[in-house]
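Each of the two complexes below includes chain A, the first together with chain B, the second together with chain C.
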Partner chain A sequence: MVEQHIIDLTNEVFEESFEIEIEKLQPEMNIFNDLGLDSLDIVDLVVALQNKFGVRIRSDERVRNIRTLGDIYQFISALKNEGLSSSDGRGQE
Partner chain B sequence: MLTLIVLNSYFYLTFLLFSVVWIPLCTLLVVILALFSSRGTTMKRFRRLISWYGLTVIKVLPFPLVRVRYKDYCTNPSPGAHIFVCNHRSASDPFLMACLPYECVQVANDWPFRLPVLGIYARWAGYLSVKEMAFEEFSRRAIALLDQGVSIIAFPEGTRSGSKTMGQFHGSIFRVALEAGYPIVPVCISGNERIPARGSLLLRPGTIRVHKLPALRWEQYKDLKPFVLKNRVRDLLAGELAVMDAGTECEECPVPHPGRAGGDGVTGEQQRAFRA
Partner chain C sequence: MTLKRVVVTGMGAISPLGNDLPSLIQGIENRRSAVCRMEGWELYNGLRCLVGAPAELKNEKAIPRQSRRSMGRMSIFSVQAALQALADAGMERDNLSSGRLGCIIGSTMGSAQSINDVFEIMLPNRDLTRMPGLKFFQCVSHTAAMNVAQFLGITGCVMATSAACASGLQAVGAGYDLIRLGKQDVVLCGGTEELHPTVTGSFDVLFATSSSYNDEPRKTPRPFDEGRDGLVCGEGSAILVLEEYERALGRKAKIHGEIIGYNTGASGVHVSHSNKDRMVTCIREALDDARVLPKDIDYVNAHATGTVQGDKEEAEAIREIFNDSVPVSSLKGYVGHTLGASGALELIVSLVMMDKGVVYPTLNLDVVSSDCRGIRHVTEPLERDIKIMVKNCFAFGGINAALVCRKFSHQ
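Let's look at the complex of A and B:
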């Protein structure tokens, strides 16, 4: 289950960076076919998401599999959780 | 059906004969003239001959099976280079661009460059194979051409739709426009969805309409983000295409349709759309 604030912040990125109306920002929307992003827009999106969430996004298999807005929510959620667990781990050492 | 086959046979036969005669003849002419001219003048001549070739192939040879009507809705066209942005429904689109009275090169996928003879000439003319280069290289070469006064024609859908639907736009050419500062001119093509249909060589009878809309000057779009710009231009094309496809346009209509000509080449509706 993705936290609501991750959904809200991700939607904010789409509104601010691409001026896409909030009504269009549904989890099932394909970011290429429905929202109209292209490969160059993805670069802008990655930068904006990094700035918004304070995370570092690397080009790995998970990023390449992203198709829908829901995939982005889940990806960011997973990234945040990984960040938390790695910082917890460091705290225990 | 028999008439259609006869007319198509006639078209492809004359197309072949014309190509066999015209291409070597023009090549020879350009090579001879190149000995006495600068590179810029030679390229200009070369591109003009390609344009005449395209006009003959799309307007003369298929007539009366196919008719082409070109309309320029810009009442005050500016000189110099432009960036033409077109919808893409059929393989005949690149030939139809010969209607534009400018020295142009086209942005294409890699496959047109693999066509026998025509692909080689496209490369010689400086056409840009967008799939074969990184965006930075594409941008550098496109801006260099624009700075030389050569207009760029792009089909940002990237591939033929084969129908009246319009695909999403790729933003490369709009990023170039934002960086280079040249006017963007939407060009709408309607009526050639089956001339020829995707996956076919058969030309169906029909009238193809090409409408060149007023230019959007850099001052009007410079503050837009690339994503927003590409979708605004897409909306302008979609609006005009809806009118063209519905067949509701009036040839001598005194009231311009949305997106069409205004006094300085830009309609109030276009300006409002861009300010929205």
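Let's look at the complex of A and C:
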């Protein structure tokens, strides 16, 4: 179960950085096809998520597998369970 | 080779006096200065000039996010001015990808705010991991030309002239050359710039800014005036649609004026001091290019920024060529020095003067400085049939540019 504040903060990123209306921010939404992001946006998405959650995920391979908004909730939730800093090294630069 | 005729069929402007051309003209006709005290600038240690002429950024969300994300403030200004110019020219946006339509927009540099953002993000911890991916596109020197061209789907020649205060006029001159040589049919030309403490600061450290009027901002800059003490930076963008004459005629376009001559050259003398002799050469070369004589000129729109040395050199240059026979005015008192935008912005206003048969006066010119005398300063609105005019721009780096325009006739 993903904590609500992770959902809220992630949704804030999409509202603030990508100007997407809150109503569209449902977990099943594909961030490319439904929410309109492209490869250039992913750079900014990573930076915004890093700033919002205080994590370092730029080199985390799991970012490549993200397709839906729900994937991001799960990814951040997993990071949190790992101690937010990817203590196994996968999230380190 | 027969050179083609080039006419101006569209004009658009975002300026410190408003976000369209009518607002700009109305402000000037009301003798309104857009210069104001800049909030927060007093926090910069050593910054002497605390005034500026800001434009207003508004309606930017009318540009879709995925187009806007690569645009800094200056590119947004340019897109908005370009849309105005296209509408004025009666050109449809979906018809700009023939390859025969180009885009040349000049500026001193990329977005000052975006460049500042990059340094603030990266330098404190020498850390690039927090850098947004699109910042680069906002910082490059061709940011406005690139963004306008991408946004409008332009596929012809895209260039960015970068010659400080001559950038905008060089862009118009370059567009003029492309069309008269037959390489493009239409070129969106102009300039853009942002107001930012780092921009004013670059002039301020050289003591080229106005610093005596921080508590009376509307009294500065003072082109050619004995109380002038330096320039005041402004911001905005101006875009003109330049079009090959036969094409414009064929589609019954409204024609604002014809460009008939252009020159740009360098002083080769000093990186920051204006040089009267090279100004004279530049203006004379432009007149020769236009095949007109000094006596044919009805108005000179001066560069005159309000600096002690620059205004003196320009006044001497104008005096050497025109004596006191030709009305001269500067528009910097109204909108400050919009730097890379100034050449295009002031050219547009000059074409409006030509259309209306009036010379707008130099604002804040109360007492002509002894070293700027001998030319015909305009200090009150002057009715004048302007058939041919000259626009001057003289930039740091010793870069000079002059453009000659004629009131349109079919002759």
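Please note the rule applied: the second predicted complex is superposed on the first by the 79 of 93 C-alpha atoms of A that agree within 3 Å, B and C clash if a C-alpha of one lies under 4 Å from a C-alpha of the other, contacts with A are read in each partner's own complex, and residues count from 1 in each chain.
Methods note: a residue touches a chain if its C-beta (ideal position, glycine included) is under 8 Å from a C-beta of that chain, and two chains touch if they have at least 3 such contacts.
Predicted, not measured: the structure shown is a model, and the values here were computed from it.
Undergrad: Overlaying the two complexes on chain A, which is it for chain B and chain C: clash or fit?
TA: When both complexes are placed onto chain A, chain B and chain C end up clashing with one another.
Undergrad: Touching A:51, do we find chain B (first), chain C (second), both, or neither?
TA: Only chain C; A:51 stays clear of chain B.
Undergrad: Touching A:19, do we find chain B (first), chain C (second), both, or neither?
TA: both
Undergrad: Based on the superposed arrangement, let me know which partner A:40 touches: chain B (first), chain C (second), both, or neither?
TA: both
Undergrad: Return first, second, both or neither, reflecting whether A:32 touches chain B, chain C, both chains, or no partner chain.
TA: Once the two structures are laid over each other on A, A:32 reaches chain B alone.
Undergrad: Which listed stretch of chain B (76-84, 112-120 or 238-246) steric-clashes with chain C in the superposition?
TA: The answer is stretch 76-84.
Undergrad: Of the residues on chain A, which ones does chain B touch that chain C also touches?
TA: Residues 18-19, 36, 38, 40-41, 44 of chain A touch both chain B and chain C.
Undergrad: Along chain B, where are the residues that touch chain A in the complex?
TA: Where chain B meets chain A, its residues are 135, 168-172, 175, 225-228, 230-231.
Undergrad: Can you name the residues of chain A that touch chain B in the complex?
TA: Residues of chain A touching chain B: 17-19, 32-33, 36-41, 44.
Undergrad: Residue numbers of chain C touching chain A in their complex, please.
TA: 61, 65-66, 69, 129-134
Undergrad: If you look only at chain A, which of its residues touch chain C in the complex?
TA: Against chain C, chain A makes touches at 18-19, 36, 38, 40-41, 43-44, 47, 50-51, 56, 58, 93.
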